[in-house]
Each structure stands twice: as C-alpha cells, then as structure tokens.
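Below you'll find the structures, each written out as structure tokens.
Next, two complexes with chain A in common: one pairs it with chain B, the other with chain C.
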Partner chain A sequence: MVKVAMFPPNSLILADLIERKGHEPLALQKAVRKKVVDPEIDSPPMNITEEDPIKGLKYAAIEVPSGVRGRMSIIGPLIDEAEAAIIVEDAPFGFGCIGCARTNELSTYYLRRRGVPTLELVYPKTKEETTDMVNKINTFLDSLPKSEEENNG
Partner chain B sequence: MVKIALISCGTEYSGIQKEIEKAANTFGSEIVIPEIDLEYIDEATKKFGFSAQSSSLRLMIARAMSIVEGKSKTDAVFIATCFRCAEGALVRNEVRRFIQENTRIPVVTYSFTERTKADELFIRMEALTTTVARRSILAREKQEGLTLGIDSGSTTTKVVVMENNSIIGAGWTSTKDIMGSVDTAAKDAFEGTGYSMDDVDGIGTTGYGRLTIGKNLKADLIQEELSVNAKGAVYLAGHQKGEATVLDIGGMDNKVITVNDGIPDNFTMGGICAGASGRFLDMTARRLDVDITELGPLAINGNYQNAVLNSYCIVFGIQDLVTTLAAGGSKEDVAAAACHSVAEQVYEQQLQEIDIREPLIQVGGTSLISGLVKAVSETLGGIDVIVPEHSQHIGAVGAALLVSGMGKRRSHEL
Partner chain C sequence: MAENVCINPDLSEEDMDPEVATRMIILGPKADVSESEIVNQLHLLGLPLTIKQTCYGAMVSGKEEDVMEAIKEIRKLDQYNIFTKDRGFPPGDPRRCRGHRKGPREGFHQMEKEFQLLGYVSDALKNPKKISLEEEKCIPVDELKNIIESCSNGEDSHNMNKKNKNKNKDTI
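Up next, the complex of A and B:
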C-alpha cells in the first residue's frame, strides 16, 4: 500500500479508484476535514486563517498571492507525503478543482519533481478514452507495491 | 568581458531593457539573450515540467534549459519578471532553483516595474560580475593569516581582526568622519591582540565608505556589501553550503539577501520608513527608560497583543505605546509590541519581495535584541532563525575572510 497523490487533489473519482486498489489516496478533503473539526480555530468555512498563507511560503515565494500560498499550505504537505502520483490534466470542474490556475501549475510541477512513479493523463472526451483512462489508472495502481514487505523489498 | 544571460518574460515591454543593459555595461559586463529554436520551447518546457500559461514564461524556461544543457554559453544569469505577477514569480523562482541545482553559474533574480532604473540594478550587476570574476575568492570558507575587515556603514563603523580562522579583536563606533571612525574602531579591535595595522597580511573594506577607506589604506579587497555580508553571515552561522536568507534590520535601512552556497542571488533593500528600522526600537527603549540591551529580554517576557498599537509610524506608534503605559500596561508588553511591529512591517514591506529560504540568519546590531528575533520568527510562521556570534560585525568579518590569501602587505614590506 502506498500513498498516492492526485491532481486534481480533491477528485472523488481518482480517490475511489486508488482506494479500490488498496492504496491510500492523499485527498484534499481529508486535510480540510482536519482543519474543520479543529475546535480551537474559528475561521469559517474551512478554518483557514491568516497563518496558513504564511505556512505556504515553504512552497511559493511571498510575492505569490495569498490565495495560492493558502492553497499550497494544504496541498503542499500532501505532495511531500506522496509515494506515487496520478495527474489528470484539462479536467472539468465536476472531476475535481481547486479553482486556481497558478496553484494547478505549481502543484503539478512539484508532483513531477518528487521523482515518484507518476501517471500523467489528459481528461477523456469519449467513452473509449474514458475506458482507456480507467484501465491505465488501474494498471498503474497494480504496478505499485501493495504491502509493507513489497514496499521494503 | 563577463556575459550575463537575460532570462525574462518581457523587460522590453516594460521599457527597462535599456536600463538593464546600462547597469551591466557599467561593470564591464554584456547582456546576452540565449538563442533557441521554436521547437525547442515545447521540448524544454515538457522536460522542465511546469505548464506555464504565458508563452513568454515558457520561453524563459526554454532559455534556462538551453543554458543547463550547454546549448547556450554564459558566465552569469539575470532572471527578471514583472513585480506582482504570480505566475512570473513562480517560474522565476523555479528557474532560479533549476539553474543553481544543475550548474555552477551565478544567478541573480529581480522583480521589476516600469520605474526600475539602472542604479537600482547596479549592486546586483556588480555582485553578479564580481561573483564571476572573483569566484575563487567567494569560494573561500576559511580565514588564514592575519587580516583586517572594515565595514563602513551609514550609522556605524565596524572593524574586525582575524587570525587563523578566529576573530581575535573587534571594534565598533558610530560613523562620523569616515577615516576617523575607522581609526577609533581599529584601535579597539587591535587592543589586546599584540598586533597593529602594520602587521596585517591584508585589508578588506565594504559598506558605504569602502572606496574612500580602500583608497586611503590601500586595501587589498574593496567589495560591495551584498557579497561580503552574505559571506560573513553564512561563515559565522556555520552554514556555508545550501540555501539561506540573511536579514539585517539596520538603523537606517534593512537588507534581505538570499544565498546559495554562500553566494548571493537576490536581495532587497529598503529604508523608507523609520518605523520599520532599529530606530523605532531605540525610541521605544528611551520611552521605557531602559537601555537598548534590556529591550529584548523585556519583550521576550511580554505579550504584544496586550498593547494597543494602531500605527506603524515612529511618531504615532510610539504615542500608542505611551498610551498603553499610561493605562497601566506593562513595560514587557510594550517592548513586545514594538518588536512585533518592526518585524511585521519588515515582513510586509520587504520580505514580500523575496522568497525566504530557511534558515534565516539574522545579523546586524538589532539581531542582539532577542525580542525582535523572536518576533521575526513568529511573523514568518515560526521559521528557524539563527543569530550567530558576532552577528553585529558581519560585514567586517566577511571582508576579513574574503581578503585572506589575497593580501601581500607584509611580504611586500619584507
């Protein structure tokens, strides 16, 4: 079982495919949930405070707008944890979206730089392409180590 | 002639191309643009992995790739993007890192506006040119022999005597008459060492008065403060390899320098408002009727949130602090609020222009105010801040280190 980062990081479809193959999806929702259930913070809706964009400095220079750094403060640690990654480009809103082109550019760049096994796909436009994409994802996930022993071995 | 490759997304559209070339020419360098084929742009950007939407940024990436792959020859790189462009800032930083990780070519970055003039670029171009021409000197990691470093700052003059990689004497005085201040500080620095000016192997000068002092004392090294302070900071912090940021909150101006392997690649300098300088802390100490050396420990024990401070201004901010004291607020809370105010303002005015790389090495006289160091760390999200020993003499130490091995003073006399 390996930790698989996704792009878009909040894609329910990708998270589901990863989980079905016995891996752990590094989903944005889980990271946001941690912040939302934290009773010490009161900054609705996601409990992101002015401190978070400052934490995002680890991933983007201070000249980069706060929205990008705020997003990176949540997405960046997920990328740091990744042992594998799946990137789907040109996806529509419904597939998953973080609403910021600059964050998209930076997070896909960091995923590529991680040097972990990465599958890159373009969002399908036809039924055949969709089947092909799911097959490619499944094959990729099957190729990743399943257990701790395999991981080490 | 030193060739500096310009990697930018549109200096010509901002009307500053001429200024960049003028700045480079002033220091005997020439601006070159890496030539690449159109097909190479897609190939290079794919290899790089950053899918920039702006095609000029893709061109920037391709030009950087051509340098890394040896297709374009250059001695140094100047990377510039427009100030406040988010995509530009992302690409500028990643391209800078890419070149530094894959080559030994010195890089300086800059975010420009249409008001950027050649003089603002002088210190960067000078640093870039000297980095190429004096690479072997900047690579020096150990001080040898007996050397003297002089840092003639706008407020204070610092002199350091070093022998065999140790600081054996240091002097400090406020800058009045340039040469007179050097004499005073040097006298203190030599005291108890058993040496005098005639014994040193080499003299290095830096700071505003470096040229005058260098000429008068026939210095072996006269170097701008950017390279010297960066070198001094990483040397004293024991962090000569890898990335770091050097922060100097001065009495009149503030400097932030980012370094890679001890060589500066970007910096920002400000000094428009006294509220963002050491002067604000000096005024606060006077108001609290404590010595400036006591302000830091006081601030450490205070809580800035307990003091009302509605203004960053040195006049109105101090008034707010007085009001807090009048209302029964503690000296500790007021000291903490003053430190927090300076740190926050330096962050908002200057650190916004630069990518902060850990660790942050805080230097200069204000780095001895522990409350300010704590406030800087907190303002930057709790990052690691190092204050090395002798942090107030950073420029003089850098000059003494860099001149080591260059000076032939004693051998000439012999």
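Up next, the complex of A and C:
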C-alpha cells in the first residue's frame, strides 16, 4: 500500500480511484478532521492556532500571506508523507478550502519537487477524456512500487 | 446584524473521539440502488455506526474499522457506481450543515462538479484498458527530413524501375 498525494487534495474521484486500487489517499479531510476534534479550536478550519503559521513557514516564506501559510500547514505535511502523487490541473473548483490559487500553485510545486512518481493530468470535460483519465490513473496506480513495509514483510 | 454562521458546536463525545471517522457514500448517476436501499443495508450490517441518509447517498460515522467494513460491504451492492470519500466534519455539524449555514456547504460545489463526471468514471471502471503513460512527442525535424528523403529516394528508384520495365516492353 502506497500513500498517494493528490491534487485537488479533497477530490472524490481521485480518492475513490486510489482506494479501489488498495492504496492510501492522502486526503485533506483527514487532516481537517484532526483539527475538528481539537478542543482548542472553535471553528475549524477558519480558526487556526498560533502553531499553524509556524508550521506553514516550512513551506512558504514570511512575506507570503498568512492564509497561504495556514493552508500549507495542513496540506504541507500531506505532501511530505507522499510516496506517489497524482496532479489534476485546471480542476474547476474555486470554492471553500481549495479556493486559494497561490496555495494551489505552491502545493503542485512541492509535489513536483518531491521527486516521487507523479502522474500529471488535465481535468476532463468529455466522456473520452474522462475514460482516458481513469485508465491512466489505474495504470499508474498498478505500476506503483510496493511500500517498504510490504517488501520487507 | 449578520447571522453567525461559525457556530461553536456542541459535539458529542463520539464526535470528539479522534478514532472516529466519517465517510460520505455518493451514488453515481447510473446507480442501480437508491439512497434508502443503501441506508437499509447499512442498518442491516448491525455495526455500531451513525447513519444518515442524504440527497447524494448516505453518510456513516463511527470507529474507522467499522466504517471501512461498512464501505466494503456497501460497495458490493453496485461496485462501479458507489463512490466514497472522507469527511472532516461529523454528520450534522452546524458549521457545515446546510440548514444552519443558510446556503450550500463548502464541499457542495466540488461534489456538484465531480458528480457530472461520475457516470463516465463508472463506465471507464467497467471497461478498463491498459494504456501507455508516455506522452506523445513530436518527431524531431532532422528525423522527419530523413524519413521524407528515404521515402522520396525509394519512390525515385521505384519510378526508375517502372520506366525501365515500360522501355523493355516497348522494345519487345
């Protein structure tokens, strides 16, 4: 089982396809969940603790808006954990927690820099494009190396 | 004064448990099962879960291992048309619930967009194909020139042969 980071990090289609192939999707919701059950935070993810911008500093410079740093404090550790990545560009989601263009750019930049096996696709609009995307993702997931734990076991 | 949509929730002990996970079960447009069938089946499993029927399918919340077992069982109903994803907030959380927010919840717009593709995704899952992940690249100009030259040379020699044959025929 390989930990696969995905972009957009809260995508239903990507998370589902990764899980169907027996890998672990590094979904944003799991990271948000940790914040939700934290009794110190009133209204996550709108409220952030003083630790979050500090964590975000690892990924974004001090001049970068605090919103980007706050987002990166959640998305960044997921990228660090990744053993493979799937990036879908031009996804039409500009809402909610994923609606920050600079965070999106920074996330894809870090995913590319990680040096893990990465599949880059464009968000499909037609049936043919979707079929192609699903087949490419499945082929990519099949080709992923088994994680170290499995190899040792 | 604007209404406070960032309510401080009074979450139950179960919702505050870090081992508890929430999952959304989303039915594709070509699904052979309905939302209520899914919910009935989830109840019949007899697992200690909180189950909520929604417009897109259902939501289950409970210990992660129970939730995953329920997902595994529920997928068997219609393997290619039942999709699932994690949810950060527990079911009915006032910070995300549409009823309290006076508008669509944040994840709705993304789900709406992705739902438009779910039918195609299920078709692709039913008919899987192995394809190459290598990008198609343009042929370098020099290589193209070589191909054209080799073709034109081949044609020239072919034409020459034809002419010679015709000449031979004439002389005979």
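Rule of thumb we're sticking to: the second predicted complex is superposed on the first by the 132 of 153 C-alpha atoms of A that agree within 3 Å, B and C clash if a C-alpha of one lies under 4 Å from a C-alpha of the other, contacts with A are read in each partner's own complex, and residues count from 1 in each chain.
We adopt the following convention: contacts are C-beta pairs under 8 Å (C-beta built on N, C-alpha and C of every residue); 3 or more make two chains touch, one makes a residue touch a chain.
What you see is a predicted model; the values in this text were computed from it and never measured.
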Clash-or-fit label for the pair chain B, chain C on chain A: fit
Chain B versus chain C as contact partner of A:R113, first or second or both or neither: first
First (chain B), second (chain C), both or neither touched by A:T139: second
Per-residue contact with chain A, leading partner among chain C and chain B: C
Angular separation of chain B and chain C about chain A, which is computed from CA centres of the superposed model and rounded to the nearest 10 °: 160
Touched partner set for A:L12, first chain B, second chain C, both or neither: second
Contacts of A:E51 with chain B and chain C, given as first, second, both or neither: first
First, second, both or neither for A:A60, with chain B first and chain C second: first
Touching partner for A:E105 - first (chain B), second (chain C), both, neither: first
Chain B versus chain C - smallest C-alpha distance in the overlay, whole Å: 14
Chain A contact footprint on chain C (complex, rising order): 6-8, 11, 15-18, 20-22, 24, 26, 83-90, 93, 95, 106-107, 109-111, 113-114, 117-118, 120-121, 123-125, 127-133
Of chain A, residues touching chain B in the complex: 51, 54-55, 57, 60-65, 68, 89, 101-102, 105-106, 108-109, 112-113
Residue numbers on chain B that touch chain A, as the complex places them: 49-53, 83-84, 86-87, 89-90, 92-94, 111, 351-356, 379-381
Of all residues in chain A, those that touch chain C in their complex: 8, 10-13, 15-17, 19-20, 27-37, 39, 42-46, 92-93, 95-98, 119, 124, 127, 130-136, 138-140, 143
